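Should a chain be cited, it is by its letter among A, B, C and D, assigned in written order, with residues numbered from 1 in that chain.
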Amino acid sequence: MEFGPHLMLAMLEGLVQASVLTLTALGLSLVFGVMRVVNVAHGEFFMLGAVLAWWITSMLGGPAAVGFIAALIVAPLLVGLLAGAADWLILRRIDYDPERTIVATIGLLYIIQQVTLMTYGPDAHPVAPPFNTRLALPWFEWGENGFQMYWPWGLSTTSYKLFVIVAAIVTLIGVWLLMAKTKIGLILRATQLDSEIAQAFGIPVERIYALVFGMGAALAALGAVLVVPIQQAHYLMGADPLLLSFIVVIIGGLGSLRGTVVAAVLIGMSDGIISVFFTPTLAKMLATLLVAMVLVYRPQGLFGAKAA
Amino acid sequence: MVNKALPTRRKILTGMAAVGAATALPDVTRFAHAGSHSAPIKIGFQVHRTGIGAAYGRWYERTTNAAAKVINDAGGINGRPIEIVAEDDGTDPKRGAEVLEKFANQHGCDIAYGTLFSHVVIGSAPRAAELKMPYFVVSEGHHVASGMLNRYTLQPGITDVKSQVQAMAPWVASNLGKKITMIYPDFAFGHNHRDFFSEAIEAQGGEVVAKIAIPPTEASFTKYFPKIPRDTEVIYHVMVGPSVLTFVKELGEFFGPSAPAIFGFVDSLEAVDFATPGLEFLEGTHFWEGMPRYVQPNQTEYDKFYRAAIGIDENGASVDDPKDVSTYAHMFGCWETLFTIKDGMEAAGYKGIEDRTKLIEAVEAITDMPESNEHPQGAKLFNGKTHQVFGPQYISKVEGGKLMVKHTTSLEDGFYPDEVDYTTQSF
Amino acid sequence: MAAVNLLSTRDLSRNFGGLQAVQNVDFDLPQGEIRALIGPNGAGKTTFVSMLCGRIPASSGTVTFQGQDVTTLPAHKRISLGMAYTFQITSIFGNLTVFENVALAVQHRLGRATKQLQTEVTTALTRVGLDRRADQVAGDLAYGHQRLLEIAMGLGQEPKLLILDEPTQGLSDGEISEFIQLIREVSSNTTVLLIEHNINVVMALADRITVLNFGEIIAEGTPDEIHANPAVQAAYLGG
Amino acid sequence: MKKSLPLHLGLIALLIALQFILPVYHHGVLARVMVMATYAMGYNIMFGYTGLLSLGHAMFFAAGMYGMGLSVTQLDMSIGPAFGMGILASLLFSLLVGLLALRTIGVAFMIVTLMFSQTIFLTILYFGSVTRGDEGFVIQQSVRQIAGLDLSDPTIRYFAALTLFTTVLLGILWLVRAPTGRVLIAIRENEERAKMLGYDTWRHKLAAVVMSGTVSGAAGAAYGVLFGYVGASFAQVPYSIFPLLWVLLGGAGTVIGPFIGTLFMFYLIDLSSGITDAYMLVVGVVLVLLTMFARNGLMGIVRERWAKWLP
């Protein structure tokens, strides 16, 4: 394929990835920002979202759209509740000690993953997209007889992929409004600034933490529900989202929501774009190394304050 | 929370457990006449219950238990029942080796058998040799015939990838096209396809115009497809792992109406239902099959028997859950291996672990395996020198969402010069 | 003895973002002296001493120790040259025993000579009266004792210059008088620079006093001179 | 202090005795456990004693393993020198990683190590023509001979593993009582203070990373030598998590903790895999319970309750 269209396609793909990644990473970042702990089980909450989506759609049957909308609402809710419970039962009891939390959530990771294996099984299952028409895309070129439009071979996307991008943006605006405009958002930001003071002002910090942990997981699950019609639900699918969200959160600057969003788009896109220039595995290698190096020479991330 | 929601899945799991129990504790009375020898022959079964290979492992286990039941119902081996001692290897080489030690030293198994993924086989094989325990693998890897392993490791149930791939080349070149783009996973299994097929297709006057290796953990593929050259006549795809379905879907979405000929290894869709939405575009494309998943018009009695024994319907899915599609193109290897072990043990007059080397020699002596209930996939030729079996391969076309066999390769298509002679190695 | 300057700074400044925490400080500390550094909260005392021992890099200016320019040396090198610093907020190895805490201070000077280690640690602990608590876990000590442990660690280093940041904070009157006694002994072979709020302690110990306000030295002199200095009083009343 | 040496020598004596009395299966298990415990001890130098939490230690294990393995397959070295190459490789590599990763702290350090490790895994796949990618390769039994001793022979394997294990165990026992070791502990407890006592904490941390990486690499090389297989799965994330798990279980910052943890966890998995497919579930539960009720691990409890002197 010619370079131009190839690049455009890669960027389109990157954008879809970035959208899902943004939601997932946002969850991780929220948890880190407010609670100052790293949730290693985050990827498994993502996986649960996907698995639940499959389960809900296959239980409901009927037209794809109905099941999908149901999944879009129910799956994040259930995952959020589960995470909240986990926080209440485990993290609260180890008083959110950063290192112990990491170990505990590694444990949680295995528990969720293995219970899924025992119940849902080892196979990958697809979820039918509510709609999915192939859209061929045009390309413009300055030919000998002026500016002309043509339809390059293979340059296309699907209506659903576009929907994913839109849905992600809508969710982002929602989260932003929640944080910036509502009382709960105010409380969250207060807790983020200084949990002791917040406590002193009568904010039930423990409950807030459970809520935040739940919200974080729910965001991951939401991202997963959006992605299952493109990929499939599988009990090992949590690893990559976890790694990528980690990267995004760090690059974006721990706890900085704005940074997280920018970084997610950056990472998602670069993954697509780098793949244009290198063989796939080499691309992955370089991308990983690149991020590691960014961290080494700018530990506070690209957008984070030195303090982070 | 989830398990309540998955009755069918649970039924299968418990169902499997039941079969497992049935074979694990054979009805001893039936063997009472055999007197002192009625103690069971223990076969250690290394199975991918967890990890990336679990989807295959589940079906390997069902097939194995079914075959064991057939063997026991027919009076076992040398008048003794066989007992399958299954241990999960987690699809991990280290655990695989540990499991072999467990078979040999704790369970007191006579032999070890099973497992698909090459890295587990290669990680375990050295231990098998050190434990002097015969190790029958069902991995379709070239590692056995390549001479990398040892005299205790044999693959008598399934043709290796080198032979499979080589057998495809003539038909592909003469029926689909000569300019080929290969898409394969960027690890050893994929590299085998890349190397062996490139070689074979060039021998047919064709050429591989592009080789696209996909990193193992990849979950979205569209961004790689632009690397497919315009003049490609055939796309050759072989993917494994949980994201295979995405791969095939996105391939379809990428090309839309104007796709080149597509030839795939059914590995890309093992355990996946062809009726899945998004796979329509595969209609009319071709696949390699180790054994035809869908019942063919000319179905043999042997295939009928085999399906019935495991509980598989005419679409290659579980009879108790038509959505639960089997890994039909590979799992026959377990069935046939067990029967080859039976033949070997009977030929060797196998009594106990002191006869292990006799067993290996007996199996090495086997050549022809006629098509039968024991070998439902087709007549095979076993090469005792390379410890590798050679069987027919099937090329099927997707018609009406079903795979219909168009061509069956001859054994000769898959032959290649020996790369090792294990029989010259001492025990 | 002739007043050789052990430590001097010239034009020493530090700003955090826009804020000038310390500006253009010229400061001389003669060998063998006990110098008190006082000033209202936020006057930049801790920032200043932190630049002396290298915890915080200087924005500009120089620090000279024993005639050697140490401005660019990292903290651990300056310590090795003979500085010791005890933290304002108690900073000890909470999970280690009292003995191990001091041992770490002594060890750096002695290297491997373990016999000597034993005796020197015990001496240091005896001087602050913690010898009987040698095997306690430092974290379990009462606050006052933790302050004393800090000082013991300082002594253990046998520094040429001992910088004490509010050492008597949280000590009982009894402990304070013991502390004053201790510092008098120490000063026989060690120069002492202490930041102190307790004016009695200052008056009892200091040979000279330096007053810092808004990051600048506003006065320096004997206790009496400082006592009489209107600028100082203004600073405190104003501050 | 006086009590600890007898204890550890006692353990070694016990291990020697066990070689003669253990049933064959457990004999083989123990040999492997000693190799993996060496890996865990290496991890403990960084995590347990210096307080550096790495999530990418598999890269060091793999560096040693492939350094050894490739020296055999590519350079036709005999097993002894190849083992040396493995150690050398992990030493140089851990030095490089230390120089880079130590620029970061806390969570960033964890992620950086994680990502370096991921890069190593991908590198192994990328150079598949040499490394045989995920499939890995066999170190032939014929090659695994040292001074006429067949390393695949159970008894010899056992003693080879025991030798490695003992060397590292005593080495670490010496280290933690030596000045350097005390400083590492000081850094773990309060780095700022250690600095203000005149210690070059960065150098000490670098030393810790190199020691830790090299020991881990030696374990990796030993696995390849003793069990005849070199593969990429050892460079994947789970093999970075395991040493953390073993050390936490046995007791971080104790010398025998890693061994206890590795042994305990092996049998936990070995037995539970008989009961359920999802034996990793057991691992998860254990981890959670540990953090909730026994943050200092088994040996940590022993130390708190009975033996304050336990190094």
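Just so it is clear, a contact is a pair of C-beta atoms (placed from the backbone, for glycine too) under 8 Å apart; a residue touches a chain by one contact, two chains touch by 3 or more.
Keep in mind it's a predicted model, so treat the numbers as computed, not measured.
Chains touching both chain C and chain D: none.
Across the assembly, the mean Cα position most removed from that of chain A is the one of C.
Central chain by Cα centroid: D, whose mean Cα position is closest to the mean of all protein Cα atoms. With each centre defined as the average position of its C-alpha atoms, the distance from chain A to chain C rounds to 51 Å. Each chain gets one centre point, the mean of its Cα atoms, and the points for chain A and chain D are 34 Å apart. Work out the mean CA point of chain A and of chain B, and you get 36 Å between them. Computed centre separation for the pair chain B/chain C is 75 angstrom, with centres defined by C-alpha atoms.
Shared contact sites, meaning residues of chain A that touch two or more other chains, fall at 114-115, 117-118, 239, 281, 284. The set of chain B residues touching two or more other chains comprises 50, 186, 215.
Going by the touch rule set out above, the chain pairs that meet are A-B, A-D, B-D, C-D. On chain A, the positions that touch chain D within their shared complex are 38, 90, 93-94, 98-104, 106-115, 117-118, 239, 243, 246-247, 250, 254, 281-282, 284-285, 288-289, 291-293, 295-297, 299. Contact residues on chain D toward chain B in their complex (touch as defined above): 23-25, 28-29, 32, 122, 125-126, 128-129, 132-139, 141, 152, 223, 227-229, 231-234, 238, 270, 273, 277-280. If you check the complex, the residues on chain D that touch chain C are 179, 182-183, 185-186, 189-190, 192-201. Taken in their complex, chain C has these residues touching chain D: 53, 55, 74-77, 79-80, 85, 87, 91-96, 100, 103-105, 107-108, 111-112, 153, 157. For chain B in complex with chain A, the residues that touch the partner chain are 1-3, 5-6, 9-10, 12-13, 50, 52, 54-55, 57-58, 186, 212-215, 217-220, 222-228, 230, 242-246, 253-256, 258, 271-272, 276-278, 324.
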